[in-house]
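Read from first to last, the chains carry the letters A, B and C; within each, the first residue is number 1.
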Amino acid sequence: MSRLARRHLAHRVATAACLALALVAVFPLVSVLWELVRHGADVVTWEFLTTPPALPLEPGGGIQHAILGTGVVVGLGTLMGAPLGLLIGAYLAESRGKRAATVRTVVDAMAGMPSIVAGLFAYAVVVAAVGFSGWAAASAYAVLMVPTVTRTTEEALRTVPQSYRDASLALGSPRWRTMLLVVLPAAWGGVLTGLLLGVARVAGETAPLVVTMIATPFVSTDPAHSLATLPMLIYDYGKSAYPKLNAQAWGAALVLILMVLALNILVRGMSALRERRLKG
Amino acid sequence: MQKAIRVKALDVHYGRSRALKSVSMDIPERSVVALIGPSGCGKSTFLRCLNRMNDTVPGAKVEGDVEVDGHSVYRNGTDVVELRRQVGMVFQKPNPFPKSIRDNVLFGPRLHRRMDRAECDRVLESSLRRAAIWDEVKDRLDAPAMGLSGGQQQRLCIARALAVEPRILLMDEPCSALDPIATAKIEELIQDLKKELTVVMVTHNMQQAARASDYTGFFYLGELVEFGTTKQVFENPREKRTEDYVTGRFG
Amino acid sequence: MAVPVRLRLGDRVYSALLSVAALAAVGVFVSVMWTLGSAAWPAIRAFGISFLVSQSWNPGEQLFGAFPYLFGTIVTSLLGIAIALPIAVGTAVALVFLLPRWLATPLGLVIELLAAVPSIVFGVWGRAVVVPLVRDLSGGTSYGFSILAAGLVLAAMVLPILTTVTREMLKTVPRDQGDAALALGSTPWEVTWKVVLPYAKAGVLAGAILGLGRAVGETMAVIMVVGNSPVLPKGLFDPGATAASLIANEFGDPSGPLHTAALVELGLLLLVMSLVLNLLAKRVVRRLGVRT
């Protein structure tokens, strides 16, 4: 085969290979969803979502406690982490210079923190003080959330044209009112998106929970003690020897992924809508 | 004289709009042809048909034919890769690869054949000499090409195109991004190049066309209005539109 | 002209609030390092360098050498990247150059959604799909819980970020680079392989390093497929363990404060690893010059 023919062949083979690899790349998500639906769809019923767990050898029971607990921990984590992230994002959007650069580097570094390390930090600080508790888990979540919310807030604020700020300042409005009444309303879509992204990021994290709380079968919303959470439950039940719990683990996993995917798609939808509105 | 390129009734559509209207042209061997005309009148489109670079534009439709050295370019069996080796191209903005000078020049030859070290050096020197840049870079052949000045980069791109030994060299406004000194150097080397190959050059600069070319084609709104020797087109144009353009009445 | 006092106060409060937030950011980071450092200190003082090289992790005898776990972390993460990178590059090339827009956009979306899947779900999936796969691949000699299984699951987890970064990098390559190569008589694949990909390589490399950073910290997906064996694995089909999986496994039931400190030290090492990789990625971007 001449060199030219070989080169053409190489092109065709490589093109086919790239297309094949793209197919391979799609496989994991498809497989994950397929397995979850296959094993978990029957399990997820209204009863499953709204009743507390039954004994392992008895049929029935559900994951109500875990859904409540996840809500509490994620909610508290958001309450603790989001405002801080917003403020730091505002700081970075409005500041320049070496101090801002340092803060940005620090936030970037924190963004890469493994979630289990955030859990260890929460353990050392909160569990040491008040024991295994929802507060500790929420603290870990807060630490994980701050970098995400900071970055997206900063970006959202930066996309507001400088002319808006200039106009407001020229009219005599102080900086803080400019931010509150002009910049933030213009950027709120992006800020909200960032917040939801932060929530989506932490909602599925299991590792921090493993070191800040003990798995519990009780229904409770008291953050002073351990709470049940979806990720923990999936882990626990998944390891279990009882087949009913294994099955329920799949159901819970399906619920979790649907929640997280729904949030993600919502976020994307909001961003896309905003972009389309901006482009007119 | 043998015709290097024969263009027959070339029609190009980009989607709905017609960029070239039934253009025909015979380009003699070993000459320099300048293509002039106002912006957006199809000169670059025409040029890119000659080496089928228009294939890369989505939605481009080409009708008619181009014959290079007697072989049809748009017929089904044509090997585009081989065509582009024989018909080289230099672009408006210098676009060297972010590699060394050596790797830039040898990129083309290495695709087409295996060469040993001695052959590589020979091709490298010969191409850089023909592009009138050898003396300036011979001591730093392994330095990055991006470190050269704009004019040097363009001459490097010419060397790179010459390295695959094309019979025809297409140049799309090669000097428009360069200063007058660099422009003069390139115009000079084009005169040398035409001893061995055919040069087809799009230019916005009428003085350049008048100085540097043997034949000139005037394009207007996708039509080839006039084609003839440069002397005739500039001093004695047959068409009024040509006369208006070369005397500066518009464009 | 007298400026109203109210105005000045409002802005002062605002600036103060932002500065406090900025300080808090740095403060949180510093306190993380400090807290973990002091929690790990008993173990650091007791074992020093041997923590890194000793292979015996023995809670019963209060002896903690973490080498098998650090080894497991590094091997599974590198394996994950090694598997994911070619897939990511091929996919990115397909999405940017080969597929029509109407197909590329939804496909890209599907791959990006993969990033949203929680790691515990990957773990459950891994156990149900990847472990049996590895078992079959080994011809039955392995139960499937192995370094390879962990590598495959990690590959699936870093695939989205690697693909996205590569895709972005490919899009930033200027069109005239490809045109130049084409005009010299390259086949389209040669343009991609010899010009476009090399142009983008700094960005792609940085993305790979970031992906590595993510893989290093992964806990729950790995813990369910890696086998959790304290013995140093000798082959891909052998079970192993990673630092993160060990922490998750043993933290709930430590055999004493030294054990806890040792686990925290392991966590600190993971944090340092991810910080170093983060910095390295930035270095690569600067040194090889990501052109945007």
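The rule we apply is simple: contacts are C-beta pairs under 8 Å (C-beta built on N, C-alpha and C of every residue); 3 or more make two chains touch, one makes a residue touch a chain.
Fair warning: this is a prediction, and the values are worked out from it, not measured in the lab.
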{"item": "Chain contact graph, described as a line, ring, star, complete graph or other shape", "value": "complete"}
{"item": "Chain pair with more C-beta contacts, A-B versus B-C", "value": "B-C"}
{"item": "Central chain (by mean CA position)", "value": "C"}
{"item": "CA centroid of chain A to CA centroid of chain C, Å", "value": "16"}
{"item": "Separation of mean Cα positions, chain C and chain B [Å, integer]", "value": "49"}
{"item": "Chain centre separation in whole Å, for chain B relative to chain A (CA means)", "value": "55"}
{"item": "Multi-partner residues of chain C (each touching 2 or more other chains)", "value": "187, 190"}
{"item": "Multi-partner residues of chain A (each touching 2 or more other chains)", "value": "7-8"}
{"item": "Residues of chain B touching at least two other chains", "value": "81-82, 111-112"}
{"item": "Footprint of chain B on chain C - complex, ascending", "value": "174, 176-177, 179-187, 190, 194-195, 198-199, 291"}
{"item": "Complex contact set, residues of chain B against chain A", "value": "79, 81-82, 111-113"}
{"item": "Chain A-facing residues of chain C, complex", "value": "7-8, 10-11, 13-15, 17-22, 24-26, 28-29, 31-32, 35-36, 38-39, 86-91, 93-95, 98-99, 107, 109-111, 113-114, 116-125, 127-129, 156, 159, 163, 187-190, 192-193, 210, 213-214, 216-220, 224, 244, 247-248, 251-252, 263-264, 267-268, 270-271, 274-275, 277-278"}
{"item": "Of chain A, residues touching chain B in the complex", "value": "3-4, 7-8"}
{"item": "Footprint of chain C on chain A - complex, ascending", "value": "7-8, 10-11, 14-15, 17-22, 24-26, 28-32, 35-36, 39, 84, 87-88, 90-92, 94-95, 99-100, 102-103, 106-110, 112-118, 120-121, 123-125, 143, 146, 150, 174-177, 179, 200, 203-207, 210-211, 214, 231, 234-235, 238-239, 249-250, 253, 256-257, 260-261, 263-265, 268"}
